[in-house]
Amino acid sequence: MLRQELNELLTQTGPGSPMGALFRQYWIPALLAEELPEDDCPPVRVKILSERLIAFRDSDGRYGLIDEFCAHRGASLWFGRNEEGGLRCSYHGWKYDVTGQCLEVPSEPENSNFCSNVKLTAYPLVKVGDILWTYMGDPAKRPGLPEFEFAQVPAEQTFTSKRWQECNWLQALEGGIDSSHVSWLHSGALKTDPLFKGARGNQYNLNDRKPFFEVAEADGGLFVGARRNAEDGTYYWRITPWIMPSFTMVPPRGDHPVHGHFWVPIDDQNCWVYTFDYHPIRPLTEAERQAMMDGFGVHSENIPGTYRPARNKDNDYLMDREAQRRGEHYSGIKGIAIQDASLQESMGPVVDRTKERLVAADSGIIKARQKLRKAAIALRDQGATPPGVDPAHHRVRSAAVVLPREESFLEACRDAVTATPGVPQASV
Amino acid sequence: MLRQELNELLTQTGPGSPMGALFRQYWIPALLAEELPEDDCPPVRVKILSERLIAFRDSDGRYGLIDEFCAHRGASLWFGRNEEGGLRCSYHGWKYDVTGQCLEVPSEPENSNFCSNVKLTAYPLVKVGDILWTYMGDPAKRPGLPEFEFAQVPAEQTFTSKRWQECNWLQALEGGIDSSHVSWLHSGALKTDPLFKGARGNQYNLNDRKPFFEVAEADGGLFVGARRNAEDGTYYWRITPWIMPSFTMVPPRGDHPVHGHFWVPIDDQNCWVYTFDYHPIRPLTEAERQAMMDGFGVHSENIPGTYRPARNKDNDYLMDREAQRRGEHYSGIKGIAIQDASLQESMGPVVDRTKERLVAADSGIIKARQKLRKAAIALRDQGATPPGVDPAHHRVRSAAVVLPREESFLEACRDAVTATPGVPQASV
Amino acid sequence: MLRQELNELLTQTGPGSPMGALFRQYWIPALLAEELPEDDCPPVRVKILSERLIAFRDSDGRYGLIDEFCAHRGASLWFGRNEEGGLRCSYHGWKYDVTGQCLEVPSEPENSNFCSNVKLTAYPLVKVGDILWTYMGDPAKRPGLPEFEFAQVPAEQTFTSKRWQECNWLQALEGGIDSSHVSWLHSGALKTDPLFKGARGNQYNLNDRKPFFEVAEADGGLFVGARRNAEDGTYYWRITPWIMPSFTMVPPRGDHPVHGHFWVPIDDQNCWVYTFDYHPIRPLTEAERQAMMDGFGVHSENIPGTYRPARNKDNDYLMDREAQRRGEHYSGIKGIAIQDASLQESMGPVVDRTKERLVAADSGIIKARQKLRKAAIALRDQGATPPGVDPAHHRVRSAAVVLPREESFLEACRDAVTATPGVPQASV
């Protein structure tokens, strides 16, 4: 249970809010690289942290993320022409480069330097992996680029998708660090999904539905360990790293690729979910990549030409009560991602946390909220740099291991939860 | 004309409001029995009096109406599994019975009695006739079950439908106790509707469009008498009972079944209209039942799979100006129910009663508002039980009779307005 | 840049607002005459200046514009019957004439004069040209009827259309007095549109994209002169008259018909755009009239049966990036009217003028705002009649002329900017 003012502190990320200031300390995904596929391609509207922006890629391949609206009279630059080294407003021809600098105000005299004083808000936009990342904070404090492993391995080893989720970012994130629901909500998928089925770990998930949780500090956030009974004298441990503010990885299964999410606030009632799947040491197979594109695993099948899931709030996620009855899909909703989204969205745009009733299995969620709150307040009051800003903090992995009962999960798994190039994931 | 604060008092029925408290003294329709057709069938979302609830029927046939949201983290139980004696949240497997009692929190230890302290808000849900009724007030004051005749006669004598109306409950109810509009708005339907046409009374309705109103007290509400000139020395009286808070019956015509409505607030801008048709002493004919299912009489043709009328606000009720011109449908809208709904919705979600201009023909409406106001205030200030709570108050009927001019309608009709098993309705 | 309170003053036109009071000094378009094509035809809902009204044409051809809602209980008169000299509410038969006077309250006694005291708000509705005009102010101050030339020439010389624009009236008007965007936004259309192409003036528009602006006072508003370089020693002048509050004319091209707009607030976030095209001395050709009906020139192609453009906000105006790239449509949007609408709507329902950055080319806009502000305040504080109320102020024209560089545009064009019957427009 949270007091209402704390719920607001954690969920509001617009300009001027403490949690908004926290998000603005990090590189965060702004769009998929595929959305700006070539030089001078159409600009793309981007709303992040309640700011309306426009992304474009200029004639020289430079990426820009600038204020959506022309400095002149406020027309949207989405209608603009992306050509000859800048984005030109189609109303009166004002032209901007990727830094937001106005290059030309055609109605002004040739020798005027009027436009040199016109500059739109702009944020850096950098491709790392399949994602274009932005940093919306103080340029003087701009950290090193993201070093998450999924975005560092060769292109053939990784895949990223994106979907719109119609609720606040925090209740989406909380699903991501909550390993306990897997035994329920996703129990059907563990048996049938091509990117999940066949791993030995699944049996532990299905057989012990009372996981015990231990949460350990990470440099950049937390490691949430979920322990289930395994063969005599052993535990099956699933370790979920959370790197602040909103990066999580799902523990792996067998030799399947490893996956995870990045949750990015659009505004306080919507978020983008970036979902990746990668293998640390081998290319994804054609079958794996196709399954990801088809929305299996933790990806979603989207309405063509959009990033909105085909199964969504407006169609009750195509609830199939017969499939629910048969246990094919535990909740009757198809697809792991949409199983999560449907329940998280059902809580309302911003869940009322004054009414919740947390249990021991929610200890990851409880700790994560504490860290977010402390970091936001330390930033606001002392200007303290929060965990997870340092790119070294990004080099983590999830793991799924069987350990003797007496062993501490984190001590035993130091290597397993570290992203080391050329070393495969620790997975059963 | 009402002062704005009185308009708000009468129209607002959410938790904590005086009129909401009044509604919570009564059994009111929550859903049709057909919506929960068998044990372990899909749960149904129900919003009444601005509360979001979920209705279900468990493995043993017990009905439940509980808080829509899981006590744990607020996921909607609509996604839950209705099986093995309870409704299980598909997120983490928390399970509830029809009383809202939590039966199981799987993540807790076997011997924990954590869940015994978890209980969702729940209201009784009881089938009487074709309706599942609920009582949302203090359990200690729960009254006897409804005894409205339409819900007491054998199943083959009665039929109930339901439709969504996009306005506040009170302006819908006011249409129900306003006999005066029949001569206008429904004048086309009197001649053509299979459930209306052919009765002698219709001629009185059409010939005298200046009814005189007399309103008399009933134990549970009012009898609104509308008097029209009939043959020499006689009046045609149409008597509409209103039982508090929102049950009304339309006076009958010939041997047609008798009908009426129950208006139930969804929230302050929407209501459910439950519409019944029954014959006190004989089964409905096949033709009658089919006509009701087809939306004739006071029923509506709904969009298949929903309770939203096919003719609705979004399509201007399929207004047909040619049919208006021909007088086939007086307002150009087809169907008595939708003729009413269209005008009531056109007033806005909550009509501004500070601007109205009532006349003598509105005396039923004026008296009903006074009784509602007095009952709401007496309940709030003295805890007084309002009229209509006692099931004995439900045993009323509408009537349509021709009386000598000197007779008092209520004295002459004491028997006619009492629901007596085996006795036919008083109707011309 | 405007202070926020000034932005509100200029954009808000509901009852009680200073700018609303200003608009209520003038005859303004309420609907097209074609919307009430014959006596006793269906009534039409009209929302202007945030007031909800109903327009009808009675059995004797009289036009009425009255409160949409019945004085009795607030049902919409749109559902009423327009017959026998009045509009009758279909709920209880109350009947009103075109002056809003209640003619009949059927439930009242024959000899009652109850209804003589019932009168709805009503405004005059008068056909001048193809438009039905209303005057919503003090009857004692009602000015003479509009004398705009487009509404005075014979019917075969003029054409008027109408479209809904989803933004505040002022940012729409500002587009109308801003000649500078033509060289950019409409540069594709100048070459291809059947109602624009082929005029000599187009070359000046395309060759000199740095027009110099001079703004001169008109009796009823302003003449905005935009000067571009032409052949040696000459300037190409385009003169746009603006007559208060919101009438503008586009400078002509060759012998094409002359066109312009009237912008009428629906509410503070929507407006109607009335668009006319006429020739002062000759009938429109069949080809011209067909092109106008097809949405060429400054007209729009609307969704059949409505006045909403087929290219609209909900479908991103059918943006065609390939057509943008080819320069066929400069912004990628087809049609001059929708090119304007798309950008003006993109600014948001009411553009935030505290963020704008005006330049010399916006001097027409700046002056127009000043005049509006001064007139609204003079009216509010001294009851001063604003410019443009006197019908003599309406007799203006736009012009497009080539003048020696030393000549003053207004002195040289006194005759050209005066609407004189039988004299052709001044156009190159």
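Per-chain numbering from 1; labels A, B and C assigned in written order.
Heads up, the rule we're going with is that contacts are C-beta pairs under 8 Å (C-beta built on N, C-alpha and C of every residue); 3 or more make two chains touch, one makes a residue touch a chain.
Here's who's who by UniProt: A, B, C = Aromatic ring-hydroxylating dioxygenase subunit alpha.
All figures in this text were calculated on a predicted structure; none of them were measured in a lab.
Q: Specify the contact topology among the chains shown, as one of line, ring, star, complete or other.
A: Contact pattern: complete, every chain touching every other.
Q: Quick one: how far do you have to rotate chain B to sit on chain C, C-alpha fit, nearest 5 degrees?
A: Superposing chain B on chain C takes a rotation of 120 degrees, nearest 5.
Q: Regarding the chain A and chain B pair, does the interface count as same (over half of residue numbers shared) or different (under half shared)?
A: Shared-number fraction below one half, so different.
Q: Averaging only over C-alpha atoms, locate the centres of chain A and chain B and give their separation in whole Å.
A: 48
Q: Tell me, which parts of chain A touch chain B in their complex?
A: 171, 174, 180-181, 183-185, 209-211, 319, 321, 324, 330-333, 339, 342-344, 346-348, 351-353, 355-362
Q: Touching residues of chain C toward chain B in the complex: what are they?
A: 42, 69, 71-76, 78-81, 90-93, 105-109, 114, 118
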